[in-house]
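The following pair of complexes shares a single chain, chain A, combined with chain B in the former and chain C in the latter.
Then we have the complex of A and B:
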């Protein structure tokens, strides 16, 4: 399976297929917001006005991806979102509570359903094909990707548009902050991994991929394997899952040039990564990405984009402020979320 | 990739019963579960009838073992999933690669909307335990954890077609040799959020709904959960009573017409039904009964009916909407109606479409209005269509 094209809106300058910025966008504070493009190129201005921010971001990232893939009508569309359309949900919920269930209008409710982005893409493309929406926390993206992989394997589709979208809005940020998830005060995203304190930084993003059964000669990368595991009993169980995954795909850690990890700056969350560095990942170069996009349940899609981008050139973009010890031919993306949701993707250069 | 996927067990809870036996009894005796709102605390209480599950959260908690403070969506889900597993007779789930795939439309919204009452007034107020399971996936995990399933846990949310998609995904995970056993279906509890949402769309019936009636006025919302236990041929071979029903066809298509309305010719519905037939290798004339999506809205019933006309004309199978009993249970409806479709095959019954007075003038066929027993059924089609143009059809077959 091949990643033919991508479209990525994130807190970094990742949208558009020009060269990536040399330095990451620096943020002070515990919340990273997406840098939004000029949507007019991708969406009818009449439609833009009616769409909430997450829908615009999702649709634009999807359109950019299809344009790069030169696919007019995908055989299937699968999306993942953990939180769904928070802005519309909050709007409808807030008004309903405030006005005691009176004086409500349907627009926000209509756009609050979790399949809205996939549906809007289908609608814009007039695409009657398979369309599914996964909403399982930090497995949402991986489940959408697994669906796409199965559709290609089943020969039900030759190409699938897969994406993950999550937004952060004020009320949700306030609530999540009350759970103590984020670092207090003026945190620098560029110093995220140095603090060794509790909490991470909030993020968001819209990342889409065109996954195809056949190579095009100009693909980003090949997807060799995908696996999720839920609530492993401890580090030994995690190591067993990772080794088992590699074994099933007949590769060893020596075959992997780069591990992209889901470290998020929270001391307790990142501890297993330090332990894995003592064992499995000891001899392999590692790279983190959540200082660029922040932490959110579908952040692994940003990591997936990064892996694909690196494999296309074989080099680590300057944005990451790291250089590859050797040409990068194979990447293992290992993400974990709240210690309970773990995912592994194995990608290789074409 | 085309090995049979068996239905080894079913579990259901809805306004017409707390388990399969009670629901079947109500379906056979024409007892609808729709009535005045008693549990949901809404200003529309005296105007809008709903189809509530008769058990309180405390009663559901004591039956399932989940704390009563958890979302009703999770409590309903666990009750039905536990029944499905018990009914399957699989003694040791842990012996197999087992997955739990659930669907819901608004996760733990029943708790979140209470939290918001205090939170809106003061952002430091509101009990956090009321929002901790807000995410759709969190509701699924509460149930998966209680069932001890961790190999594969997933949640789908495609509005009213959600749980048809989860059953369909379960079958594909088995056919792709990723899992051996999947408990698949969906759940939704009544919430003010959803009730008010549908109310603003002006598609709620202030009387009991009348799907496929010329003078239909809209739908009644309901709540519940329904799951099937899907097993591979390898698992089925080890069972004392080999399952006799398979999921033979499925298809997911998109109407691509409007965010909430169906196209007048029911393009998405037609593609879903014809795609499911193609997948199963069956002809339209092989279908004995259609469990209709049949919500009772002007728009759905004419779109669905037009698509049925296009696909089945001139010979129509028996048809009925069991939403006349359970109301529209949204993310649970595909799961609940999958269980009812399996029951129809197992017991040779066609459930009635209640309260039909005037058949729709623009459709050449009639839905079944009286219970039919002793019918030889081989193939049943179940339709689930939703917002966002999501249309899914499943075919259950007796082998």
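Then we have the complex of A and C:
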């Protein structure tokens, strides 16, 4: 499977072709917000008025991706989101309470469902092909990706648009903050891994990928493998899952030039990453990405995008403030969400 | 009518449209302002929320929501009836 094109809206300047040419955007606080483009270039103003922020972000990222891939009509669209369209959900539920379950405006309800973004993309393209949304918490993106891989492998599709979308809004941030998920007080995202305190920083993003069965000669990367596992018993079980995954793809850690990990600065959940650094990942260069995008259930899509970008050039972009020990030809992306949802993606240069 | 136009713009989140851009007799649907069936539902909610008017007969809809003027006349007639 080949990643032909990408589109990414995130708290960094990742949208557009000049992406990653600059230093990382610094934030102070425990919440990162996406840097949004001028949507009028991508979406008809008549449609924009009904779209909440996350829908605009998702649709714009998807359109950018399709434009780069030069695909007018994808054979399938698969999306993953854990939270769905929170702004519209919040509006709709708020009005239910405010107006005693009467006088409900239809737009917020229609746009609040988890499949809204995939559906909007389909409507805008007049695309009646396969369209599926995955709402599997921190496996949402991985399962959307897995569906795309199966469609391509079974020759049900030649190209699939795959995306992950999640937003953070004031009510959801307040609720999640009460659970102690985010660090208290001000923290710089660029110092995220140094704090060694409980909690992380909130994030959001919209990442889309055009996946194809055949190479085009100008692809970002090749997706060699994908695996998810849930609540491993401990470090040994995690190592076994990772080793087994690599073995199934006839690859050893020596064949991997770079490990991108989903470390998020939370002392309560980063321990396995530290342990893996002492064992399995000990001899391989590692990079983290959640200081750039924050933590959210589909943040692995940002890591996936980053891996693809690195493999296209073979170099680590300035954004990460690191340099590669050798040209990067193969990347292992390992993400863990709250210690329960673990995912592995193996990507290689084309 | 200017207030009603502002309410319509806010309810439908019409981008870059000012009250003075909407003619009193300009058709709201299709060829005029380009509204659609979802907007019609939003306008029904607007009447209920702002003016406590419940559109009881759905056949009235096309005439009531033809233009801003027909909406305003319907609101006035309803308010006179209830005063």
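Structural remarks
One rule holds for everything that comes next: the second predicted complex is superposed on the first by the 348 of 350 C-alpha atoms of A that agree within 3 Å, B and C clash if a C-alpha of one lies under 4 Å from a C-alpha of the other, contacts with A are read in each partner's own complex, and residues count from 1 in each chain.
One rule holds in what follows: contacts are C-beta pairs under 8 Å (C-beta built on N, C-alpha and C of every residue); 3 or more make two chains touch, one makes a residue touch a chain.
In this text, all values refer to a predicted model and were calculated from it rather than measured experimentally.
Residue contacts after overlaying the shared chain place A:93 against chain B, while chain C stays out of touching range.
Applying the stated contact rule after C-alpha superposition, one finds that A:105 touches each of chain B and chain C.
In the superposition on chain A, A:129 makes contact with chain B only, not with chain C.
Of the two partner chains, neither chain B nor chain C is touched by A:240. After overlaying the two complexes on the shared chain, residue contacts for A:46 are found with chain C alone; chain B is out of touch. Residue overlap on chain A between the chain B contacts of one complex and the chain C contacts of the other covers 102, 104-106, 110. The touching residues of chain A, when paired with chain C in their complex, are 45-46, 48-50, 99, 102-107, 110.
On the chain A side of its complex with chain B, the touching residues are 77, 82-84, 92-94, 96-98, 100-102, 104-106, 109-116, 118-120, 122-123, 125-137, 139-140, 143, 147, 150, 153-154, 171, 174-175, 178-179, 228-231, 297. Residue ranges of chain B in contact with chain A, taken from their complex: 1, 42-44, 105, 107, 112-113, 116-117, 119-120, 123-124, 128, 131-132, 135-138, 140-141, 144-145, 150, 152-159, 165, 169, 172-173, 175-176, 192-193, 196-197, 199-201, 252-260, 267-268, 271, 386-390. For chain C in complex with chain A, the residues that touch the partner chain are 11-16, 34, 38, 41-42, 45, 48-49.
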